[in-house]
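Note that subunit A is present in both complexes that follow, paired respectively with subunit B and with subunit C.
Showing the complex of A and B:
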């Protein structure tokens, strides 16, 4: 659809009485959702922003303390760990996840029984993070399945979960959990591409890389962009898997495994002796939010291309 | 255009509702905590108790029976809600408008959050209440040595403890029958004991990869309880320069270097190591009072749970750490009178015994026989006691979470040696206080 046709339609819409009425109904229909959204999300978000400039235990009245919480974050090694780990999840996991998802998607496109395999790799996304964490521990701990498998070949045991490696195990698990989901999204985008493009390209003597580069990639670009934004927002929320996997008996994971979400939990109600420092936790959340917004804006810019009409 | 006018009006009303709802919620957050607490009843016929237990836990069974007995005896109804371990976190938001619970229970540490906000009732009058059907008061059945740890910042009791816990070095008394009576008197004795275990074909120790007890308890033995606290409170970090800190760290490092710990422990959790120990793969396991009931399902046939305390080191300190689980009454509780009556009733020997016989835990009452597997622990608690883990996890919770715990784990798992532990601890403490100020 070109902008010219859009303009014509808009012009017509202005004049039509039906469209005028439609526009008037638009507000009241939108209002309930908007009101709920405002009360449930916007007000708490705004309040969190305010709280980040206060000293607040979540119970007494917040006391204004200016930017002290933000100054604290700059020196807090736990926040540095949490922020850096979140970036590792976002970019480290993200790159692997998308390469893997593309590989699966390309493989599955041409395969028989692809629905079954797609369902199979989607499965971890449905199972609760806590159950997956238990399984991951069962697989990787010293007496776990992986070491038992190695033992039968006369190898190992390997300390997969030694403290230095534990966060890497989390990163791999997060990729494993999410791959199926992103394969499904990408697949939906690629499925829209009419087969005759490929047929024609094949007749022209292209190889599969060229077909990927010149057909698949440009024609599913908008889906990739959306998936990248979804992933960015999703990484900030990764929480229960890490708590279940690395925490034990009500204790928090050690700070070198914290993410931004874990930081907020750890500074407020997490652990056996919670700290209830909501002011500082809000400051941490605001910094993360700003970082995510920046990443999303950049991603939108990079991936915003004119959508190709099919 | 009636319709469109109506629609417009509806939109305006909806917007007005939204604005007023938002401002209402803002009003809600500026009201004064506890200010709307209703006048307290003096003859309540019921009260609400939010419990830290889940319904199927043995402690819950004991409390449920006591509540039924209490209702039968006094006519006061007990509304129990099994909230689980995060009961205090759930309670806190309700305190602004008057507590939802008249009675809560948790560890003395977890209740510390309410104490810090001055939101607990002074239980002095409960302590001087005579236990129904007995001659002693609630305060009299609680040993005096425990009392300093049960007070708030004004020196008034805020918790009525019904369960006591501690830590010890656990072993199978069927393999070491004389050990409880003749515990090691020095570190060398302890190492000799570990050698003996090795001679018996066992790895001496099971230690989880996230263990905090070994480093913390050895530091306590080297420095004494106050010395341990200084590591947190001394903002200059100079407390870490005490050569005893390095010595304690070296003792722990030596255990690892010597191969006294089960292989692969660095990547394990407490539940794994506890299981391996109960199956007889290791001889000793340093952990809390809950070990016998938790490890029993994994224990080999004939396993007899018993424990000893760590020997004295340079400070000469042989005190036993103590932790309490008990009842507290929120300040804004409306039926505090009934709640306190129930607590006095629960402290009856007849009721409280269930904590020992059914829940297999220690009670504060010395006239209740402890479970056999906790007899040694109970005896240790009759000596001098100190607040469990020197109260670091409450008084310096943030420092403990962010500085001490990670460093202790790095030491016990061999990522850092003793010297690095000391230098990291010192620098970490200096940095922590700099950023906390």
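Showing the complex of A and C:
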């Protein structure tokens, strides 16, 4: 660099000593994280897309087989179960969870001790899903607590965990685990609505329903949208609760309890007799990722359009 | 709406639940109209409290009493459940493994993420914007998409069933969130001190180390805590990458214990002692740093 260009650069605001110093460390400060993240996160992501078109056991070199894995997925009952259970969690559980969280949030805002309650219902979110599953199983078991409680009222034991019901028990548990988290997120969003909106609406003689309908609801679309995106990303991670709750004697849960993450584990190294079908598991993971991306894009569009209508 | 001017007002309203902002509706309405809702919330709170009390109390009861008198308080305190869980149930070694993994993974993640977050948060240009987006992208990619190629890489490096290998994986998967969290933290710090340091001729590395890091202490603590919680409870990767009991972390020890119980007959007292060993450290951490944890975990949701 010649001294002439140096002079020109120094003359600009960007060439302040501080900015130049920052530029000098930009590379070295960023490099370790960026390199590790690229090699062990983004490259594996890309590789999964490639591997989904191959036959691969994870050890030897993958062999190209076109779209066969995807063709197979369409007829694989285990994958169908896993995929539809994930959708069930995403939408069925999600709608219930959001209505409950939003209602709790609104009520909590008017209750005494709301900080305390909010802190308390957050608890299940920060402990191990396996631990909660152990408790949940003890609660609903045939000899479990709920039936013991019913028995003392003279009511017969109910088979809470019969196959048709078991996944519903999981759905309820997942709602329970996540409610506190989403109440807190929604609360933070609604707290940001400027108070004078309400003050002026009150002066205009509105009732509380009108204030809710025309201030709280439209102004929380933003945070509801973000929370929905978080939930979408979160549902595909649900794994250990189901494994610990429904798995038995070292076997994986039956496939009608599977989710997307369970499929990847079950098709590769999981269970008492592993299958090692890495290629097909990658295809399953890719389908899940694509579904997540689609849902996120739709959610973003819906929530941003509704905000514009304001 | 200009958030800059109203932000502080909204925030101060948020601190105090009795301001008009926090109670916009229905203050003067008949209180019993809200009763069903309040009852439902208290029921929910009671269930959460019951869950954790039940786990802790049952860990001190005999298996017979846990099963047959679940709602009764323990008559005698059976601490032997805890020593059985610790020594025979595999929870002792698993606890040590979990602590090791959590300490190294949390420290490693923050060590790598904070310089990156510093330069990304304080440089506002196209390049840093693009790199930030690149990190944020990782927040949306589920674990199952990266885990199989990683398995292959780790197998080639003989890092399967190896705690050091698991620590590296935990650092990697926690990087996107930690960079994102710390980035907004560094961006919010005042620039004057940094400028003064530059004018005084303090080198950029020193400026970061001696001036910016201490200023960001709160954010670093939050990041450490959140990564620690995530790693303490993490099960999917641990299950994929650990194989022998000696290397198991607590969630795996618990899964393993639950499985073995189904073969050898069940001791619920010991089981809940094991559950307590996995849960109590998190409860303690939450009691200590509660606000920091909830705020960190929900950060960015409103943006």
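One rule holds in what follows: the second predicted complex is superposed on the first by the 262 of 310 C-alpha atoms of A that agree within 3 Å, B and C clash if a C-alpha of one lies under 4 Å from a C-alpha of the other, contacts with A are read in each partner's own complex, and residues count from 1 in each chain.
We take it that a residue touches a chain if its C-beta (ideal position, glycine included) is under 8 Å from a C-beta of that chain, and two chains touch if they have at least 3 such contacts.
Not measured: the values here are computed from a predicted model.
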item: Which superposed partner A:32 touches (first subunit B, second subunit C, both, neither); value: both
item: First (subunit B), second (subunit C), both or neither touched by A:24; value: both
item: Contacts of A:142 with subunit B and subunit C, given as first, second, both or neither; value: first
item: Chain touching more of subunit A, residue-wise (subunit B, subunit C); value: C
item: Contacts of A:249 with subunit B and subunit C, given as first, second, both or neither; value: both
item: Touched partner set for A:59, first subunit B, second subunit C, both or neither; value: both
item: Partner chain(s) touched by A:99 [first = subunit B, second = subunit C, both, neither]; value: neither
item: Contacts of A:47 with subunit B and subunit C, given as first, second, both or neither; value: both
item: Partner chain in contact with A:273 - subunit B first, subunit C second, else both or neither; value: first
item: Contacts of A:150 with subunit B and subunit C, given as first, second, both or neither; value: neither
item: Intersection of the subunit A residues that touch subunit B with those that touch subunit C; value: 21, 24-25, 32, 34, 43, 47, 58-59, 143, 248-250, 269
item: Of subunit A, residues touching subunit C in the complex; value: 16-18, 21-26, 29-30, 32-34, 36-37, 40-45, 47-48, 51, 58-59, 103-104, 107-112, 114-115, 117-132, 134-135, 138, 143, 145, 148-149, 176, 179-181, 184-185, 188-189, 191-196, 198-199, 202, 208-209, 211-212, 215-216, 222-223, 226-227, 230, 233, 236-237, 239-240, 243-244, 247-250, 260-261, 263-265, 268-270, 278, 281-282, 284-286, 288-289, 292-293, 296
item: Interface residues, subunit A side, partner subunit B - complex; value: 21, 24-25, 27-28, 31-32, 34-35, 38-39, 43, 47, 57-61, 72, 74-78, 137, 140-143, 157, 159-166, 248-252, 254-256, 266, 269, 271-277
item: Parts of subunit B lying in touch with subunit A, wherever the complex brings them together; value: 3-4, 7-8, 10-11, 14-15, 17-18, 21-22, 25-26, 29-30, 32-33, 85-86, 88-89, 92-93, 95-96, 107, 109-110, 112-113, 117, 208-210, 263-272, 393-394, 397-398, 400-402, 405-406, 409-410, 413, 415, 428, 431, 434-436
item: Footprint of subunit A on subunit C - complex, ascending; value: 1, 3, 6-7, 9-11, 13-14, 17, 19-27, 29, 34, 37-38, 40-41, 44-45, 47-49, 51-52, 54-55, 67-68, 70-71, 112-113, 115-116, 118-120, 122-123, 127-128, 131, 134-135, 137-153, 155, 168-169, 171-173, 175-176, 179, 191, 194-195, 198-199, 203-205, 207-208, 229, 232-233, 235-236, 239-240, 250-251, 254-255, 258-259, 262-263, 268, 271-272, 275, 278-279, 282-283, 285-286, 290-291, 293-294, 297-298, 300-303
